[in-house]
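Below you'll find a set of structures to go through.
Note that subunit A is present in both complexes that follow, paired respectively with subunit B and with subunit C.
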Partner chain A sequence: MRKGLRKRNLVGYGFIAPALIFYAVFFGFPVVFSLLVSTRRWNMLVPFEEARFYGFRHFEYLLKNELFMRALLNTCLYAIITVFVTISLSLIFATLINKSKFSVLWRFLYFTPIVTPPVAIGTIWNYLYKPNNGVFNHILGSVGIDPVYWLTDPNTVLFAVMITAIWGGIGSSMLIFTAGIQNIPQAYYDAAKIDGAGPFRQFWNITIPMLKPTILFLTATGMIGAWQVFDLPFIMGKNAPAKSIMTVSGYVYESAFQSMRMGRASAGAFILFIVIFIVTIFILRAFRKGGMSGYED
Partner chain B sequence: MKKVFLVILIVAMIFSISAMAKTHLVWSVHWTDFQVDGVKDEDGNLVTKGIQQYVDEYMALNPEIEIEIQSVPFDEYLKKILISHTAGQVSDIYGLYSLWGVQLVESGILDNVPAEVEKLVSENCVEAAYNGSMIDGKLRGIPMEIDNYALLYNKDILAESGFENPPKTWQEMAEMASKMTKRSEDGTVDRYGFAFLSGWDSAVVHPYLSLLYSLGGNMFNEDFTECTLDSPEALEALKEELVLFKNGATDPAASVYGFASGKAAMIIMAPWYETSLRISFKDEYENKVGVAPFPYLKTPMTAGYTWFLGVDRASNHKKEAWEFLKWLTFDKMENGASRLGELMALNIAAIPPMKFDIEAYPDELDDLYTSVFVNELKNTISEPNVAQGQEIKTILMREIVEAWHGQKSPEEALRIAKEEIDEILEEFYF
Partner chain C sequence: MKTDITGIPERRKKRNIKKTILTIIKYIVVITGAICMVLPFFWLISSSLMTSQELMADTPRWFPEVPQWNNYVEVPKRVPILKYYKNSLITAGIATLLVLITSSLSGYAFAKIKFKGRKFVFRFVLSTMMFPVFIFLIPNYYLMKQLGWLTNYMSLIIPFAVSGYGIFLIRQFVMSIPDELLDSARIDGAGEMRIYMKIVLPILKPAMATLATLTFIGLWNSFLWPLIITSSVQDLMTLPVGVSRLSVAFSTSENQHLILAGLVYQVVPMVILFLYLQKNYIKGFVLSGFGNL
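Then we have the complex of A and B:
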C-alpha cells in the first residue's frame, strides 16, 4: 500500500517536474543570484568571483539615498493611482458599453492602445503635451486656463505620465470586465428591478460584488505591473528633474547600465521584489472575503 | 596500407582547413547605418564611403583577416560592452567614449597600446585628443574623434532682431538671447533665444564645464581626491547659466533640436551635428546657419571629449587588431590622409584627431561650420577621465537641472553634487 502510494507520488512529481524546473531556472535562480549580486561590488567587466564582498551596504546606501527613496514614492503613487483609476474607469466603461448598440466597435476602440507599443504611445503623447502647440494646452487655452508645462514641470510630469498610462491600460481591463459582466446571470438584475432597484443600485449591489474576483485579479496584476513601470516615465520624463519622475525600475536600470553598479542595481531590484510581494499579499488578504471565496467556489 | 593512407589524408585535410581558416576580428562601433555602410544616392550608388568600405579594402589587402562590424546605437553601447563581457562574447576592437575608459582600464579590459603605436599617436595627434585618451597618465588607445563645443546661431533670427554679429561673451549672449525670445499671447514660448536640453547629460554638463573652464575653474583637484564644485568659479558658472532662465531667454522645456526648425535662435553644439543641419536646412543651410566660438566668461575656452580605438585584452588576435588599427589610422592615402581621417571628415563630420588628417581636408574642415571647431581645438579642455565618469556626469546633470527648475539654489545644487561625487571619489581614489 505504502509502496504504491510512494510510486504514485513519484509519478505526480514527475508530472509537475517540468513546471518546477522552469520555475527554478527562470525565477528561483535569478532571485537568488540577484540577492548574491546585491552583496557584491560588481561592474560586470570582471568575473563575478572577483567582485568584492560588500555586505548589505548597497541596501543601506539605497535606503538613505534621496533619489531612490523618491523613486519608491513616485512608483508607489504611480501604482496606486493608475491601478485605481484604470480599474474604476474600465469598470464604468465596460458597464456602459455592455448594453450599448455598438459595443463591439467601442471595445475595439478602447482596445487599440494595447496593441500600440509604449514607445509609440509615449512619443505621440509627448506631442499632445507640448507646451506651445500641444492639444491639451490648446483645450486649456480655449477656456482661459494658462498653459501647463506638462512634461517638464516637476509638479505635473508624474501625473501627465499617469494619464497616458491610464489611457493605455483601460482597454485590456475593460475587456476582462466585459467578460465578467456578461457572466452575471440576468435573473439577478430582473429580481432587483422587481424590488425597485435603479441602475446605480443594481451596479453597486449586483455588478460590483459579482465582479470581485475580476477586480482582485486586475488589481493584483495591475499593481505588479505598475510597480515595475519603466517605459513611459523613461520616454516621457527625460526633460523633467529626475526626482519628480524617477521610478524604481528606472533607478535600477541606470545603476546597472550607466553607472556600472550591478550590486546596487540588484539591491534596488530586490527591494522592489519585496515591495511587490508585500503589496500582492496585502491585496489578496484584503479581497479574501469576497474575491478569494469567488475563486474558491 | 589503405588505412594508413586514409589517416594521412584526414590529417592533411585538417591541417589545410585550419591553415585556410581566417582570423576573425569583431569591431564594435556606435555608428549608424550610413556611417557604417556609406552614404548612397537615390540609385544606390556610393557617394561617401562608410567604415565598411575601408574594412573591405583591408580585407582585400589581407585575405587572411576577416573583420566583422557590430554596430550598436550610442545609448546601448556601454550596455553592449558590459553584457558581452559577462557572456564571454568580447569584441576584439572597440571605439570607446573616453569617459568610460577608466572603468574599462581598472577592470583590465583594455590591452596596452604597443610602443610604436603610442609613438605615432604622440607625434601626430592634437593635444586635446591625446589628453582625452590618457587614463592614469597612460595612453589607452588611438584617438579616433575629438569633439568640442561652439555656438550655433540662426543668421536670419539674429538679423531680424537687429544683431549683425554673434555674441563673443556669455553676458552678450544672454542679453541677445533674451531679445530673440518670442512668446505667443498665452505666454508660451514660440521661439527661444537660447536652448539647452535638460534630459541629455552632455548638453547640460559640457556647456557648464566650458563656462567653468572659462573662469579658470575645474571640477576636480589634480589627483581626483576631491570634487571642487564648491569653488567660487563653479558657483559663478552656474549662476551665469541661470541668468538665461531668469531673463526669459530659455526655460527647461527648450531643446537644442529646436534649432533646426527655427524654434531656437542659438544653441551650444558639437561638430558632428553638421550633417543633421545640412539635411534640415537643405539649400538654406549656408544662409541660415552661423557658427561662432563658445561665448566665454573670462577667457575663451570650451569643453571637449574624445573617442578612442582600443583592443580588448581578452582578444585572441590582439596583434592583428593593432595592425588593422595602425593601418586604418596611420597608413596614408594619396592625399596624405588616413582612412579614419577620411571617414571623420567626409562621412561622420567630426574632427579627426590626427594633424595630417586635418590638413588633408581643408574644404571639409575649413568650411563655415567645422572651421570654428577646428580653430577652437587650441582652447579645448577634454572632460576629465575620472572613475565612474558617467555616474558623476549624471549626478552633475541632475543637480544643474534642479537649479534650472528653481527646485534648488545654485549653492545647494552644487553642494549636493559635490557631496555625492566626493563619496564616489572616496570609493575609488583613497
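Then we have the complex of A and C:
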C-alpha cells in the first residue's frame, strides 16, 4: 500500500510536471526578479548586477506622484463601472435572447466583438468618436446637441473609452451567461409560472440566484482584467491630456519601455498586484457572505 | 366570472394583452441592442470601400458612392499584411496546442489522481491568475533576451504554453467523469497515462474544443506582449501590432481609407470563422460545465 501511494504521488507530479516547470520559469522567477528590480535603478542596458540599489524609494516616489495616483483613480473608476455595467447588461440581454425567435442570429450579432481584437475596436471607435465628421456627433447633431470632443476633452475621454470597452466586453459575458441559463432546469420556471410569477419575478427569483456562481466568476475575472486594462486607452487616449486617461498599466508600460526605468515600472506593477489582490479577496468575501462557496471542491 | 362574447375570461385576456406588450418591448430592446452592436462593423466595412475624400467629408456618409474594391488590393501592396497573418497563425496556433496538452495533463491529475499536496498546488495555480501581467513583462523580456529568443517565434509562444484558466476549466470538466469508469480501467491494469489517452481525452473533446477556441482567440487578439517583443524585430510582427501601426503607415489624410481596409483584413476572417464555429462554441461552454461553475 505504501508503495502504491508513493507511486501515485510520482505519477501525479509527473502529469503536472510540464505546468510546474513552466510556473517555475515564467512565474516564480519573474516574481522574485521583479521584486529585486523594484529596489534597483536599472535601465536594462547594463547587466542587472551593476544596477544601483535604491531601497523602497520607487514605491515612495509613486505613492507621492500625482500622475500615478491619478492613474490609480482612473483605473479604479474604469474597473468598477465597466465591470458592473457589462455584467448587468449582458445578463439582461442573455436572458432576453435566450428564448427569442432567431436566437442564433442575435447571438451572432451580440457575440461578434469577442473575436475582434481591442486594437481594432479602438481604431474603429476612434473614427466614430471624431469631433467634426464622426458618426456619433453627426447623430447627436441631428437632434440638436452640440458636438462632443469625446477623445480630447479630459472630462469625457475616460467615459468614451468605457463605453467602447462595454460594447466590446458584453459578448463574452453574454456567452458565459447563455451557457449558465441553459443549465437552469426548465422545471423551475414551469413551477413559477403555475404559481403566477411573471417574467420579471422569474428573472429576479430564479435566473439571478441560479446564476450567482457565474456572476461571481465574471465579477472576479472581470475585475482582475479591467484593473490591467491597456489596449483601449493606449489606442484611444493618444490625443487626450495624459492625466485624464492614464491607467496604471499604461504608466507601467511607459516607465518600462519608453523611459527605460525598470525599477519604477516594477514597483508600479507590484502596487497594481496588491490592489488586484485586495479587490479579489473583497469580492470573494462579499459573495461568500451571500451564500457562495469557493471553487476548491 | 365575467366573460365576453369570445368566451375568454376577462382576466386571462388582460394577461394576454400584457404578455403581448411585454414581448413587443422585449424585441424592441433586443433589436436596438443588436443595431448598436452591428453599427461599428457596418460602418467599418462600408467606409473601407470609400475614397479618402468620402471618408473625410464634412458630413459622414453611410455608403460609398462607388465601392472602391481596389482598397483591399492596395493594402497588401503597402504593408506586409500576409506576413502578419502568418506570424499570428503560427504563434497563436502552436501556443494553443501547447495549452491543450498542458491543461489536459494537469487538469486530469488535479481532478482524478489523489497525489499528496494536490490541493495546495491547485490553489497555487488558481492564485497565479491574480498576478497582473505587468509583473512579468520586464523579467520575461529580460529572460527572452538572455535566451536569445527575442528574434524568433519562441518569445511569442513559450510564455503562453500554460494557462491557469485552462487547467481550471479542464479540471472542472474531468471532475464530472465518474470514478467508476476510471477505476474499472485501473483494475484491468491500465496505467494513468493509458487511462488519460484512451478514456479521458476522448471524453474531453468538447471541453478541449472550447478551451482551444478561447485560447486561440485570446492569443490572436493579444497586443501588449507582441508589441513589446516586436518593437525591435519587425519580422515577427503579429496582426494586432501590424494593425495598430496602420495609422503610422498611412498617416497622411489621403491614405486614411486604407487604414480601414487594413482593419477589415484583421476583423472579417475571424468573424466568418466565428460564425461557422458559433454553435459548437456555445455548446462547448454548456458542456464544459461553465454554467455550473
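Going forward, the second predicted complex is superposed on the first by the 269 of 297 C-alpha atoms of A that agree within 3 Å, B and C clash if a C-alpha of one lies under 4 Å from a C-alpha of the other, contacts with A are read in each partner's own complex, and residues count from 1 in each chain.
The definition used in the following text is that a contact is a pair of C-beta atoms (placed from the backbone, for glycine too) under 8 Å apart; a residue touches a chain by one contact, two chains touch by 3 or more.
If you're wondering where the values come from, they're calculated on a predicted model, not measured in any experiment.
A.B. asks: Of the partners subunit B and subunit C, which touch A:G12 in the superposed model: first, second, both, neither?
C.D. replies: Touch partner of A:G12: subunit C, not subunit B.
A.B. asks: Looking at the overlay, what does A:F56 touch: subunit B (first), subunit C (second), both, or neither?
C.D. replies: neither
A.B. asks: Check the residue A:W204 against both partner chains and state whether it touches subunit B (first), subunit C (second), both, or neither.
C.D. replies: neither
A.B. asks: If you stack the two complexes on chain A, which partner ends up touching A:P147: first (subunit B), second (subunit C), both, or neither?
C.D. replies: A:P147 contacts subunit B only, not subunit C.
A.B. asks: Of the partners subunit B and subunit C, which touch A:K243 in the superposed model: first, second, both, neither?
C.D. replies: first
A.B. asks: Going by the contact rule stated at the top, is it subunit B or subunit C that touches a larger number of residues on subunit A?
C.D. replies: C
A.B. asks: I'd like to know which partner A:F257 touches here: subunit B for first, subunit C for second, both or neither.
C.D. replies: The answer is both, since A:F257 touches subunit B and subunit C.
A.B. asks: Is A:Y127 touching the first partner subunit B, the second partner subunit C, both, or neither of them?
C.D. replies: Once the two structures are laid over each other on A, A:Y127 reaches subunit C alone.
A.B. asks: Which partner does A:F282 reach: the first (subunit B), the second (subunit C), both, or neither?
C.D. replies: neither
A.B. asks: So in the superposed three-chain picture, is A:N43 touching just subunit B, just subunit C, both, or none of them (first/second/both/neither)?
C.D. replies: first
A.B. asks: Hey, what residues of subunit A end up touching subunit B and subunit C alike?
C.D. replies: 44, 132, 257
A.B. asks: Under the definition above, what is the set of subunit A residues touching subunit B in their complex?
C.D. replies: 43-46, 67, 131-132, 137, 141, 146-147, 149, 151-152, 154, 238-243, 254, 257-261
A.B. asks: List the residues on subunit B that touch subunit A in their complex, please.
C.D. replies: Where subunit B meets subunit A, its residues are 78-79, 81-83, 85-86, 103-104, 107-109, 184, 186-190, 197-200, 251-253, 255, 388, 390-391, 394, 398, 401-402, 405, 407.
A.B. asks: So in the complex, the part of subunit A that touches subunit C is made up of which residues?
C.D. replies: Touch residues, subunit A against subunit C: 5, 8-9, 11-13, 15-16, 18-20, 22-23, 25-27, 29-31, 33-34, 37, 44, 48, 93, 96-97, 100, 104, 106-121, 123-125, 127-128, 132-135, 138, 167, 170-171, 175-176, 178-184, 199, 213-214, 217, 221, 224, 227-228, 230-231, 235, 248-249, 252-253, 256-257, 262, 265-266, 268-270, 272-273, 276-277, 280, 295-296.
A.B. asks: Which residues, counting only subunit C, touch subunit A once they are in their complex?
C.D. replies: The touching residues are 22, 26-27, 29-30, 33-34, 36-41, 43-44, 47, 56-60, 101-102, 105-106, 108-110, 113-116, 118-119, 121-126, 128-143, 158-159, 161-162, 167-168, 191-192, 196, 217, 220-224, 228, 231, 239-241, 243-244, 246-247, 259-260, 263, 266-267, 270-271, 273-275, 278-279, 281-282, 285-286, 290-293.
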